[in-house]
C-alpha cells in the first residue's frame, strides 16, 4: 500500500517539478483516520501530502468541471470510475483530453458502498499507469435493487418512492457530485424556464427525481457518487439504474463511459427499435 | 366507488401538427363523435414533446396524458419520431416504475388519415381513465379542503 | 498441434482406409488426435428430423465431454455430417440461451461451447500443417487430375459453418495441390449427393450422384477426392448403373487423407486401398509412375 | 401585463349550434389578461376581420386569440390580417373549437365547457407569445445538377431553357450516363443513341449551361438559396481549351486496358474518349494506366498532338461555386452479381454476361459491331437463357426491391436475339412479369409471339459442361426441375445506388432510405424534393425507374428549381430554434438529433471571472432549421427553445387546462 502511495507522490512531484501540469488532484489525509479528502496539489513539495488507502473514496473527476479552461494541464489520479467519467466528459464536450494528464491508478477496492457496482477497477484511459492492473472483482448484481422495486404493485411503488422523496431535502448534492451533470446552469436553479417548482413538496421532489434520472440516466457511469453524496442516504440510484436496465433490455448490453465516442441512447436511434406505440 | 362515479377524466394530448393534429381535424370533418375529455395541444413534431410536459401535466391535475405523432418513417421532419419513440418508451417505463398506473400515459402513432384511430384511441383512453378514477399521484398539494397532512412532507 | 478428436461412426466401419490414412498422415505431420472419451453418435441424419432436442443434445454431449477433459483443445472431426451436427450444437449453445439451457438439461452436464469445432480440411489447410505436409511429401502424384468434392455439409449453412465461399471452396484444392496432383476446376464441389435418401428413394437420389461424377469427368477429372467418409461411400457405392446411363467409365474415389498418405510414402496395404469398391490403386500407381518415382504402391 | 383580445367565431351554425357563444364569450372575458372578447358569425369574412382590426386599435390589444376552425385552415389568413395592424402576426393563437370541438361532440353543455378550456389554453399560451420576424434569404440564381445521365441532361436543359444558369457536373469524362450505353429502348425500339446524343449536344452548346465533366463534389455548405459547393476538377492532362478532339493522340497509345464503357468487352488506350459521341468530344489521360505518368517513359501522344495539348504536369484543381438550388441526378449502378451469386459461377464463366454487357454487344457501335457473339469464342449462340431478378426481389442474397426496368429490357433482349439470330432459342426465367407502362404489356406479348419461352422460376445453378452452360432451375408452374443447356446466359441484374452516394448525401444532409436510395421528402406529395430545402431529386438516385419515368422526374425537379430561382429572395419561417448562449454548455446533445444538420458547435469568446476564454456553444443556422423542435427536447438545461412553441408557452397551456 505505502509503496503505491510513494509511487503516486513521486509521480505527482515530478509532474509538478517539470511543469507538465498546473496542479494534481488526488486524495489527502484528514483528522479522521477513516476519511480522506480530495486535495489539489500545486507544488512539488505538496506531493508528500497525497495518500492512498482504502478510504480514498471520493471520485475526483467531477472537479474537472470546475476548471474547464485551465492554463496548464490538470493532473488527475484516475481509477476505473474516474476514467469512465473523463470519457463521458470528453464525449459531452466538457473537457478536452489534451488538457488532462491522467495518472492511472488501478483500484484495489475501497471501503465504500458506492463501489458495490464497480465493474472496472482499472483506468480505461490514462497517460501513465503507476502499477499493474488489478483483477476486477465480481460486481454485485447490477439491477438487483431495481428488480426489487419492480416486483411491487404500482401503489406500493408509489409509496416506496413517495417515502424516499418525502425525505429528500432538495440539497442537490446528488447533482453536484455527479460527473455527467454538466449543465452550466441546472434547470432546477432557474426561475424562468419553470419546468418545475422549487418548493419542497413530495410532488416536486418526485419530479426532480424522475427528471434527474432522465437527464443523466442514459449517460450514467454507475460510479455511485450521487448516493454517496446524499446526506439523507436515499437510494436514488434506483432511478438511474432503472433507466440503464430498460436501455439494456431495449438495445442490448449498454454501459457508459467505456470510450469517448459512443453516443448516448437518447442521442441516436435505430430504425429497428422496438415499437409499442402502434 | 364514490370516487369514480360520474367522474370525467381530464386528458391532454400532445399532437404533432402534420399527422395526428390533421387526423383529429379529419375526425371533425367526418363528424365522428368522441368524448369531450381530450384537449389537444398542438406541437410541430412529437419530437418536440419534452418529458417535463408530461410530468407537469400529472402534477397540475391531468388524469391522463397522450403523445401522438406520425408513424415511424412518415415523420414530416424525417427522423423526429424515432427519437420520440426511444424517449417515451423509457418515459413510460419510468412512470410505471414510480408507481403511475400504466393506463395514464399513452403514446400512439396516428396519421393524418387515421381519423377513426384518433377517435377510437381517445375513446379507449378516456374509458380506461374513467375506470381508474382521478389521478392523485404526482399531484401537487391541492389548495383548499384537500386531504392535506396525510402524506409526508406536504403530500 | 493437438486436438480433441471425434471420429464418428463411419470411421469404425465403412471407412477403414480413411481411418488408416488419417492415422498415418496425422502421425507423420505431428497432429495429435486425442479421442474424446466415451463419445457417442452425433445423430446425423435421423435424430434432428425426429426431435429437435435430440438433434442438438447428441452432438453436444461429446463436445461437452471434450471441453471437460481437455479444456484447452479445439475439436476436430473427419466427417462432414458429424462436422455439421457438432457445429450446429456449438453455434446454438453460443447464440441461443434457450437452446443452451435445453442442451445442458438433456446431457446433464455444462456445455459452454468455448472451443471451436474444426474439420480435417480446416486443420490441414492451416499454415503450420501445410508446411508439415510439404516437408513430409516424399513422392508426387504428378498429373493425377482430381475433382475435390467438399459435400454440402462442410460449407452449409453458412451462419453455422462460417465458410467464406459456399459455391467454390478452395481449401481441399490447395491440399491436393501439395501432393503434386492437379485439382480441376469444376462446378459440383458442394452439390447435394442425396446421401440421406439413397436407400428409400433411389430413383431420385442416384442421378444426383451421377451428375456429380459426370461433371467431374466432363472437366477432365480421373478421380474424385472427398473429405468425408459418408461422401466417399456414397459417391463410390452408387456407381452401379452409372456407366449404363452415361456411357462413362466408373470413377475412383479417394479421401484427401489417402492421397496425402500415398504421397508421404504409405503402401496400398498400409492404408487398405484394397477396401475400395471402385479399384483405386491403379490411378495412383499411374501418377506415381509419371512422377518418375516408379515406386510400387 | 398583456392585453389580450378573444374573438369567438360562430362559423355560421357550424360552431354556434353546439358551442354556446353566449357562455363562451363572457367566460373568455374573465380570463387573466383578457381585455376584450367578442363573437361574430364569420370571423374569417371581410367584416369579421375588420371587426378584429378595429377592436385591436380601439382597446389597445397587443395579442389575440381566435376561437374558430382549425389553425391549419385559417392561421395564415389571420396572420396576414395582422400584418395591417399594430401587432405582430405571431401574437396570435387559435383555439380549434370547430374540428376538435363542435363537430365531434353532441352534448352542448359539455362541448361548451371544453371550448372554454381550449380558449383558456390559447389565452395562456398567447400571453407568453413574442413578436417574431420572418427572415428573407437571397436566392442565388444558379442551379447545380449533379450527374450527367439522361436525368441530369433533361433537368439541366429545362432549367437553362427557362433562362437560368446551370452547372452540369459529371464525374466521368463525358456526359451521357447509362442511356448512352444502351442499344434500343423499349417498347418502341428506337435507338437510344439517336434520341440521347442530340440532347447531349444541346447541353454542350447551350449558352446557359456550363459543363463540368471529370469533376466531383468535394464539399457542400450553406442552405437553400445559397449553397457553396467545392468542386474538384480531376486532372485531365489534356488542355481542353485548345484541343479540337481530332483523336490522333488515341491512335498510337501503346496501352490497352479494359474499356469502362464497353464493360470489359473491349480495350481502350490510356488517352481516351469515353465513347465516340462523347460530350465534350475531347480525350483525357487515365493516370493509372498511362506509361508516361506512371514511369515517365513514353510521351507518344504528346509528340503526335499537332496543337500541343498534352500536359503531363496537369493537376487537380478545386473551385468553389455558389448555387441557389441543387438537383441530385446521380443515377444507379448494377450490383456486382459475381460476388453475390457463387452458384452462377461467381464470374468464372465468360459467357454469362449482364444485361448491360448485352446492350453493348448488340449495339452497332459496340465491340462486336452489333453482332451477337458470345465472349468466350466469338460464336453466335444458338440457345440463350435470360435470368431476371438477379439480385432483385431476393432479400437473402441481394435486394428486396424490384428494379422495375428489367422485365421490359429482358423482353427487349429476347426480341433482339430472336430477330438477329434466326433459328435461335431464348428462355426467360422469371418470378413475375411486370409491365405497367404505355405499350409495355403489348411489347411483352409480342416477344412471346416472337418465340421467347417464359419459364416461371429461379435459376439455382449454372455450370459449364461439355462446352455449354447448363442452367438448372425450377419451373414452378409445372412443379418440376428443368435444365437448359445454353450457349450464352444474360443476367438481368439489380440496380443499386451509384457508388459514392453516401458521402454526397451526408455532405448535403439528405437522408437515404433502407436501401441507400435518396429519400424523397414525402413519398406521394413531394416525390422530387429531399427534406433538405433546395435539394431536389431526378431519376434513379431516388429509386429504380425506366427512362420515361426518369425524364418525367427530371422535368418535375427542374420545374421546382425554376420556381425557386424565379424569386429573388425567399421568406423563411421565424418559428425555429434559438439558443440562449449563457445557458448552453456546448454538450452537443442537440447536434446529432437535428435532421437538417442545422446545429453546429461554434466557438465564442467569453469571460470566466477575470479570465478570457473561448468556449463552444450550439448555434442554429436559420436557413437550415425547419422548426421541428427535436433539439429542444434533448436540451436538458433548456438553452435551446423553439420560437412560437417555447417550453414556457406549452407549460402555460398545460397549466391552463388543469385549472
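Which chain is which? They are A, B, C and D, in the order written, and residues in each are numbered from 1.
Going forward, a residue touches a chain if its C-beta (ideal position, glycine included) is under 8 Å from a C-beta of that chain, and two chains touch if they have at least 3 such contacts.
It should be emphasised that the depicted structure is a prediction, and the values quoted were computed from it without experimental measurement.
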{"item": "Where chain A and chain B overlap in contact partners, by chain label", "value": "D"}
{"item": "Pair joined by the larger number of C-beta contacts - B-D, C-D", "value": "B-D"}
{"item": "Computed distance of Cα centres, chain C from chain A, in Å", "value": "57"}
{"item": "CA centroid of chain B to CA centroid of chain D, Å", "value": "36"}
{"item": "Separation of chain C from chain D, taking each centre as the mean of its C-alpha atoms, in whole Å", "value": "53"}
{"item": "Whole-Å separation of chain centres (CA-atom averages), chain B against chain C", "value": "65"}
{"item": "Junction residues of chain B - those touching two or more other chains", "value": "50-52, 56, 79, 83, 87"}
{"item": "Multi-chain contact sites of chain D, meaning residues that touch two or more partners", "value": "593, 634, 647, 651"}
{"item": "Residues on chain B engaged by chain D in the complex (per definition of touch)", "value": "10, 12, 17, 21-22, 24-25, 27-29, 31-34, 36, 39-45, 47-53, 56-57, 60-62, 76-80, 83, 87, 119"}
{"item": "In the complex with chain A, residue positions of chain D that touch it", "value": "514, 582-589, 592-593, 601, 608, 611, 613-616, 634, 636-639, 647-648, 651"}
{"item": "Contacting residues of chain A [partner chain B, same complex]", "value": "146, 149-150, 154-163, 166-167, 195-197, 199-207, 209-211, 213-214, 217-218, 239, 242-243, 246-247, 250, 265-266, 269-271, 273-278"}
{"item": "Complex contact set, residues of chain C against chain D", "value": "165-168, 185-188, 191, 214-215, 218-219"}
{"item": "Residue ranges of chain B in contact with chain A within the complex", "value": "50-52, 55-56, 59, 71-73, 79, 82-83, 85-91, 93-102, 107-109, 137-141, 151-155"}
